[in-house]
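Same chain, two partners: subunit A is paired with subunit B first, then with subunit C.
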Partner chain A sequence: MLRQSRHVQEYGPTAIIWAAATMVVVPFFWLMGDLLWNGWNHLSLSFLFSAPQNAGREGGIGPILMSTLLVVGVCMGVAVPIGLGTALFLSEYTRQDHALGRLIRASLDVLAGVPSIVFGLFGNALFCQALGLGFSILSGGLTLACMVLPILIRTVEESFRAISRDQRLSAAALGLSTPTTIRTILLPAAIPGLLVGGILGLGRAIAETAALIFTSGYVDRMPESLMDSGRTLAVHIYDLAMNVAGGNPNAYATALVLVGLLLIINLSSSWITTRWTSFNQLPA
Partner chain B sequence: MSKISKMPTSRGPATVFLSCLLCVSALLGQVSAEAKEGKLVITGSSTMAPLVSEMGKRFESLHPGTRIDVQTGGSSRGIADAVNGLADIGMASRALKPQEKDLYGWVIAHDGITIILHKDNPIQTLTDDQIKDIYTGIITNWKTVGGLDAPITVVNKAEGRSTLELFLHYFTLSNRDIHAHVVIGDNEQGIKTVAGNPHAIGYVSIGTAQYDATHGIPIRLLPLQHIPATIETVRKGIFPLSRPLTLVTKFPPTGLLETFIDFAQSNQVNDLILKQYFVPIHE
Partner chain C sequence: MDLIQPTPRITSDSDERAGFRAWLPYPSTEPCCEPVAHIRAENLSIAYQGRQALRNVNLEINRGCITALVGPSGCGKTSFLMTLNRLTDLIPGCQVSGTLHINELNVLAQTTNLLNLRRTVGMIFQKPTVFPFSIRKNLELPLREHGTHDRTVLAATIEHVLQQVGLWQEVKDRLDRPAQGLSGGQQQRLCLARALVLSPDVLMLDEPCSALDPLSSGIIEDLIVSLQGHYTVIIVTHNLAQARRIADHVAFFWSYEGVGKLVEQGSAQQIFESPKEELTAAYISGIRG
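Showing the complex of A and B:
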């Protein structure tokens, strides 16, 4: 009896933890399997490059892929410099209990929890209407940048804070100015954190529907400039699945492309991170 | 020190940034040169957006230099955008309401749905109450409504389909009230399900159903309130379970606006309308 309860005490938690971990993996494989099963047959090189036809039931996703890359490009092009600057301000130029710093952190935490449809309506009101950019890739990218900034800034700030104080003290002892310290010591050391923040932001941006349907819009023509409206992959999937009878096969194929894109971004960033850290590890 | 001298690699990202910004400003510069004329913005009903997009593409190819930008957001948004000038044309998948009479509505197609049974099912007609009772699970056997002694298979549409909304609205039901045995996505799937099961009942777009019924698929379209379910009755607007797909403008259309609305109401777009399973206004 005693032996048995011991047995349960020892193996019970192990079993529960294994079960929990397995349960996390199952949905991933289920989802990937479902996407591959339903979408793989419709995937081809011409699908990636040709224009959609008959409301997306036929044809490919060329213009949609292009719009997605442009929207995400604008988003990251705007969010990364601002995010990096704010993160440096929070970690290097102010103390942790600085009033402005605390205000920024609090507002970022609130923004991070705002639903994306609210960002969509905000973007529509500010960029499309007040600033007169209309339904455009630029409006979409800027709206996404607002949405991605909180997560980006907090991750990057943490990666700066994680750098040991000794390095900053040594730099100061050598007489290096703050900008030089940032450029030569802190930035290189924080690159992995920057990449993680970038990837988290990028992932959120590329999969976004609600924030984009009212900003970058629904037009599936090949964009000619950033002022053109452009439909992104996630919006296309949503439309095919919800509005277009018979659109499911191409919705699956498009979803497969989207997941593939995310996978490539994740893998390449982790590859860059490992390469970078093995190059720049300062001797202990 | 030697490690630190390697640091200039961090210039990489900075260079990438600068070139990104250059690209962006170059693209922006291009914009100002672009003429705003020849462009129409159309927003509204998500049901209509795929159809009007296709019409826009054909219109653009017939009138080089024009641009038809279609955005979605729902019928109410379409009407609001047309009123406050954000859009040149609004799309509403319903008739204009009495309080919207100062707007101009242009019907470009109809959307009608009909109840279908298997051809071997002897039932020729059902009342609205009987259909409601079948879908809510109160009537579960065909015998109750004068048919064979066989259990009814209820085929319902998946969440998010506009036909589902129209059906629920007409019978004043909520999707939770419905006791469905089969849940289907598009019209073709619904027709196949009913064609393969003599005891099934379903509802689909009339355009598709009539096409399939006349092409040998064993289904029967039931009348509603004694009005036969045909493309003709939907076109006339007398079939109860139908709605007009309407373009809405604030002013009487002129210029490009007029050309586009004329085009959307012409028989040049019939094939596009049929491909989206709607009913054209012309034969």
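Showing the complex of A and C:
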């Protein structure tokens, strides 16, 4: 009896932990399985490069892939420098309890929780209408930049703060100026954190729908400039699944491409991070 | 650079350490520990966020000598060190009052050029803090920052300081390997080389051996002794035996209700053999602290 209760005490928590971990993994494999099962047959090189036809029921996703890359490119091109600068300001130029720093952090935390549809309406009002950019890839990219900035800044700031105080003191003790310390010591040390922040932001940007419907629009033609309207992968999936009867097969194939892109981005960032950190830990 | 034999003060405790010493190059100039004040602190007080950490320290540190700051944790020894190169400026809410001179330079003056001050006053920390890049770049970075860009000069200076700290033979073929791959003792010697690369006048060491094994600790100790006469060395240490072995002068700090004060200063021999204060005697004999 005693042995049985000890068994329960020992293995009970282990079983719960295993069950919790399994519950996280199962939906991922289920989703991937579903996408592969329904989308793989429609996937081909011509699907990736040809234009959609018959409202997306036929043809491929060439222009949509291009629009997605442009929107995400604009988003990250704007968000990374601003995010890096703000993170540096918060971690290196203001004390943690400084009023301005506290205000910025509180604003970022609120912004991080704002629904993407609200960002869409804000982007529409500011970029499309007030600044006259209209429904365009530029408006979409800028709106997404506003959306990913909070998560990017907080992640990068944390990675700067994680660098030991001793490194900063050692740099100062050698008479290194703050810009030199940032450029040569803090930035390289924060690269893994920067990548993680970038990937989290990129993941959010590439999978976004609501914010883009109001800003970059629906047009599925090949964009000729950043001022053209463009439809991203996520918007295409939404449209095929919700508005186009018989669009499901291509929606699955597009979703498979989107998840594949996310996997490639994630794996390459982990590879870069591992390479980066392992170089510095090689025996001399 | 001429090589001269190590000074007799160094005692052997293992073959490896003796081997290390056998080729350790020492500067050819005669060591000189002059009874001339190089650093003068008068009524120096330090407070963090209004809370006093060190009060009214009056201390003279002689040129070329090794001065050990001893005392229990929290008595303001490290704070004192950090005031000498104004690293206290980086600590939010830290206020320093009193006067502090290195030669004629008023350290605490607002007009003092901090980058030049820190070039003159080198510092080594408790844990080795090599930067996350190659051994060569660790040494080149401070030199480049202070205006040396000539590759020949850089290479010669790096070789010179690595020889000074006895690391050249160990790393000469792998200067472009990551510095973080070195052992703890080697990293600390690299930090020492990185401080020496700027040719400072004053070298401050904040418990430089406390994170090291006895062998590495012994090597660092030998190095510190070899610096005597060529640099004004200030070392914070909790190891009284070490202070006794290497220091010319000792300053004993104590914490009175959380406020650090200098209790007594004098030659190492006087402090360890005939201290004037009862508290010093009690601390040295292990009764207090």
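Worth a mention:
Methods note: the second predicted complex is superposed on the first by the 279 of 284 C-alpha atoms of A that agree within 3 Å, B and C clash if a C-alpha of one lies under 4 Å from a C-alpha of the other, contacts with A are read in each partner's own complex, and residues count from 1 in each chain.
The rule we apply is simple: a contact is a pair of C-beta atoms (placed from the backbone, for glycine too) under 8 Å apart; a residue touches a chain by one contact, two chains touch by 3 or more.
In this text the structure is predicted, and so the values were computed from the model without any measurement.
Contacts of A:Asn38 after superposition: neither subunit B nor subunit C is touched. Shared-chain residue A:Phe135: touches subunit B; no touch with subunit C.
By the touch criterion defined above, A:Val219 reaches subunit B but does not reach subunit C.
For subunit A, the partner with contacts to more residues, out of subunit B and subunit C, is B.
Judged by the touch definition given at the top, the superposed model places A:Ser177 against subunit C, while subunit B stays out of reach. Of the two partner chains placed by superposition, only subunit C is touched by A:Arg168; subunit B is not.
In the superposition on chain A, A:Ser50 makes contact with neither subunit B nor subunit C.
Shared-chain residue A:Ser269: touches no atom of subunit B or subunit C. In the superposition on chain A, A:Pro188 contacts both subunit B and subunit C.
Subunit A residues in contact with subunit B (one complex) as well as with subunit C (other complex) are 184-185, 188, 279-280, 282-283. Interface of subunit A with subunit B (complex): residues 54-56, 73-74, 77, 80-81, 129, 134-135, 138, 183-185, 187-188, 191, 213-214, 217-221, 224-227, 229, 239, 241-246, 248, 279-280, 282-283. Touching subunit A in their complex are the following residues of subunit B: 3-4, 6-7, 9-10, 17, 20-21, 24, 27-28, 30-31, 34, 41, 46-47, 49-51, 53-54, 57, 67, 69-73, 86, 160-162, 185-188, 205, 275-277.
The touching residues of subunit C, counted against subunit A in their complex, run 85, 87, 90, 92, 114-119, 122-123, 125, 127, 129, 131-133, 135, 141-142, 145-146, 171, 174, 177-182, 186, 191, 194-195, 198. In the complex of the two chains, the subunit A residues touching subunit C come out as 95, 164, 166-177, 180, 184-185, 188-189, 279-284.
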